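What follows is a structure written as structure tokens; I'll ask about it next.
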């Protein structure tokens, strides 16, 4: 299978640095350095910009604690899928643009000293779509957490299943849920964090099923696309439809957490969830 | 480099166009038209669904109603059935025969309570040690706001999780349209059968076309690209066995279709009944654990190093200690705020 | 505790025989013999009259198969409860009127040859209210079904918990549910049949929780009294509120069954529920 | 004849009026007034509920929201708390401090989703091995039509069943109004504590009076007859331990009330933590299995003999064979069609 993998250059070379970013919510012009210091949250209106996988990991984990696992997983093209360009070209472009091999990164790390398994998604990689690589990484993260007896945290950011892998992408819903069911049966905690957006098949599998579900404010969270929903049914959408606060009101999100508080609150929840008896395949926790 | 499943994908691409000529109105020479003809057959309004099939297959049928939480969704039929003496629990989507019935059954598109009814009845099957047989034919879960409000995603996720660990045999038959998550929610099985003209896809061809080709006119192109026919799905390993339809298709002969299905289902039930339940559940886990094609490269971690935490103090410390650590710039934030491709799954 | 128990005379002596009964639904005058032949269902409009415990047992079970268990359980007066008359006097009057010792009868029997444990309630005994005797009988019926490994059937007819026993009546919700949870854990089937009326604490415990819930047509089934509900909240009640068909529509009743079909349909459901492997404490089924 | 529990009832009737004089505005000489004063104290709007008590008791509190099915009912508060270093899961009903909050919290009357949230969080406690502490103060479950539509009875029944078998310690505190099934749904525990001025009853005194005395004016009479005070409930065995309130009552001193509760709760948590979970669950089963007073007579079965089945054929056969079998007349059907006492529980 011929596929060129990009060299992983510093992304400074790929993107000319802009000094300013316009907030899509309040339209304020924001100095990038300032935005970055504010964890990519608009200091003026609180709009939560999307985060890259590495930014997310750096914001959540103790410095230097992250060890990536299974970095070598890459997508192939089981269907020979071509739309306006071939699927492998889309993957290659996304790799080039993000410096990632696919839309999820998983590994182990520490949060306020607690060892956890963590998987974060990157919307920048083909809309965070879930193909076999994302599904495989979620399953391995769950199996890794089970093996080591440490909690699992997943930060979702995804438009759903990756169409270019057809029903094999759909089957990742089963793969991930089956692994999570084993984690639950072994009483190993799992916390789901939903960021903007968490939709389609990712919401309809692991993202919805945390022991505790956290969400960032105003994130788009839903199953059916608003276009599909409104178009098919011809109904007006309720206000705030498919936003974090809507999901919270309807009972599917435990807490809406500002990004600035996320690390601390996640750690707090994990401290409560940590079983009083050892669990998982080993009780060994470092 | 490991390329675990790719072989099946290749097979799908090369081997199975041959049966396209069975589809009426579709010259074998045009694979796109052949696939599209099958999509139309799968959607044929006279195609038999769970109730029509049970009328042929089952000696006895007792429908159970309600999710014990909110309502009884008539887009999902669930209950006890007896198939040549074998007691089973059956679950399937059901459309209406006329407009009035279609309204009552939400045109066969289940709300969360439909899947929650299915879960309740499948858990009952587990307690009683009855095998589960599901009949899958659905354009997709109901996409309306009430469906979202009551947690259609949660219902699908939970049902998929439940079926993945249910301690009783599950035989799934894709009888018509296997529409994405709304199909999958009752389609996790030890063995997945499909009728010859059934289709199975991660998104409707129209939805796929409108996202990737920016026009629903390309739906047949999308249908071909997604390899959604029963034969293609078998080649991918998603479907285990394809059951030939009689004559012009299942819609034209419910009785014969039912008889063929009955033979296939009873064979599978008897085969699965011989497997100890621990082994069965482990095999089911492995079945889904191995679906999906990827490669695994050796070599150094490609993900950019994780910068130190972004809290203000840390950030300042980071700036002060500059040079000691590599702090890559975050991705430009603007392009991360494009609207997502919402119709996925 | 001084309490007089009535002698159990034939009820023909207590009630002068009437020839006719007026149907409260269609107002037809019905010849009693005709009504009885029709299982106490109005031949004109289908109104299901309430049944005594013995009538219910005779309609459901194979002839001569019923063996009553724990017939000696009788209510006492733990609170010394007096309203317009003392509780013991109310009990004695109900015993006299019905020939029963309390509002439930349980035992074993056969239905189309299958051995089952069965408990039936009698609304004629203080509105079928559940005090310690009813709770104890339900628990013993569940424990008996578990012990012997035979399905449990309960036919409810009750206005709820018996006020005169205070919170001790309320505690019967726990007693009955705890016993049913053990039955469920042992995979022994339980079918609940709701007849008119099944309300309050009986609906909020065992009546709602069958593996399969059957209901007779148009039975009043609900938790809060309509007076309480409407009075407290000041809302209009939806049509058919708290009737079988309402409960069916809202997902709490599997099937609405005409009385004429009940025996056969119950047997059919029980044949499906019978586990494929032996269950309960013994696999012995006679 | 066995009279298993009656002794406790007698104690309640005779022993415990002595504390009535602590209730303000109530001369000890009039037991009806004393009880009614306690009912008023239990309903005092300034009485501390779960959130006010946690503010004193808990070092840390993380509220969890939503039933994962339909909504988040703010009449029920649930979450993680730390009590002097002990991690627990807490559940309780909550009223509002003002009209706006009261509307949001349905005046502290939970809908089914409130109890379903409680169940979800208690199941989480079981998985994590955390004890559960519940704070009970509720006039009753929400009695409106939507509450019935979404299955308030099912929710109460399921929650009671879940708590009866939950494999982790449960400490329940009746802090205010223990109103019937809406209270019981979160009040099944290994140990049941009550604040001194708390009340617990199978039906509100007003509801009881309106049924049995045909007027709500007799509510104080009904309250006395139902023996609903904490002390009476302890004598009946429904409550295990009564905790004295400071000064004029809990409403006047949240801090001291909280401190006393905290001492009692931590004592119970430590005691229960030492009991193996199998033993704990069996003891809990026995606790509830033995509540309720009845006598057991020896002698012949009193229930009238069951007549043969009432099908037409059988019935005709019955008539033909008259004399061979005794066919008692059915009860007159008319009197079985009176309206039931609907306010029960």
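Labels A, B, C and D are assigned to the chains in the order they are written; within every chain, residues are numbered from 1.
The rule we apply is simple: a contact is a pair of C-beta atoms (placed from the backbone, for glycine too) under 8 Å apart; a residue touches a chain by one contact, two chains touch by 3 or more.
Note that the structure is predicted; figures quoted are calculated from it, not measured.
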Checklist entry - More C-beta contacts across B-C or across C-D? => result C-D
Checklist entry - Which chain's centre, taken as the mean of its Cα atoms, is farthest from the centre of chain C? => result A
Checklist outcome for this item: In whole angstrom, the CA-centroid distance of chain A from chain C equals 53
Checklist entry - Between chain B and chain C, what's the gap in Å when you average each chain's C-alpha atoms? => result 43
Checklist entry - Where the centres are mean C-alpha positions, what is the separation of chain A from chain B, in Å? => result 23
Checklist entry - In chain A, which residues are in touch with two or more of the other chains? => result 250-252
Item to check | Residues of chain B touching at least two other chains | outcome: 68-70, 150-151, 154
Next on the checklist: Using the definition of touching given at the top, classify the network of chains in this structure as line, ring, star, complete or other.
Outcome noted: other
Checklist entry - Quick one: in the complex, what on chain B touches chain D? => result 68-70, 112, 116, 150-151, 154
Checklist entry - Considering the complex alone, what residue numbers of chain D touch chain C? => result 3, 5-6, 8-9, 12-13, 140-141, 143-145, 147-154, 156-158, 160-162, 164-165, 178, 180-181, 184, 188, 200-203, 207-208, 211-213, 222, 225-228, 233, 236, 238, 284-285, 288-289, 291-312, 314-315, 328-337, 340-345
Checklist entry - For the complex, which residues does chain D have touching chain A? => result 60, 62-72, 80, 82, 87, 113, 117, 124, 127-130
Item to check | In the complex with chain B, residue positions of chain A that touch it | outcome: 1, 3, 5, 8, 10-12, 15, 17-18, 21-22, 24, 32, 35-37, 39-40, 49-55, 57-64, 66, 68, 70-84, 98-101, 105, 123-124, 127-129, 131-133, 135-136, 139, 158-163, 165-175, 177-182, 185, 197, 199-201, 203-209, 220, 222-229, 232-233, 235, 237-238, 241-242, 246, 250-252, 263
Checklist outcome for this item: In their shared complex, chain D is touched by residues of chain A numbered 184, 187, 189, 211-213, 248-255, 265, 268-269, 271-277
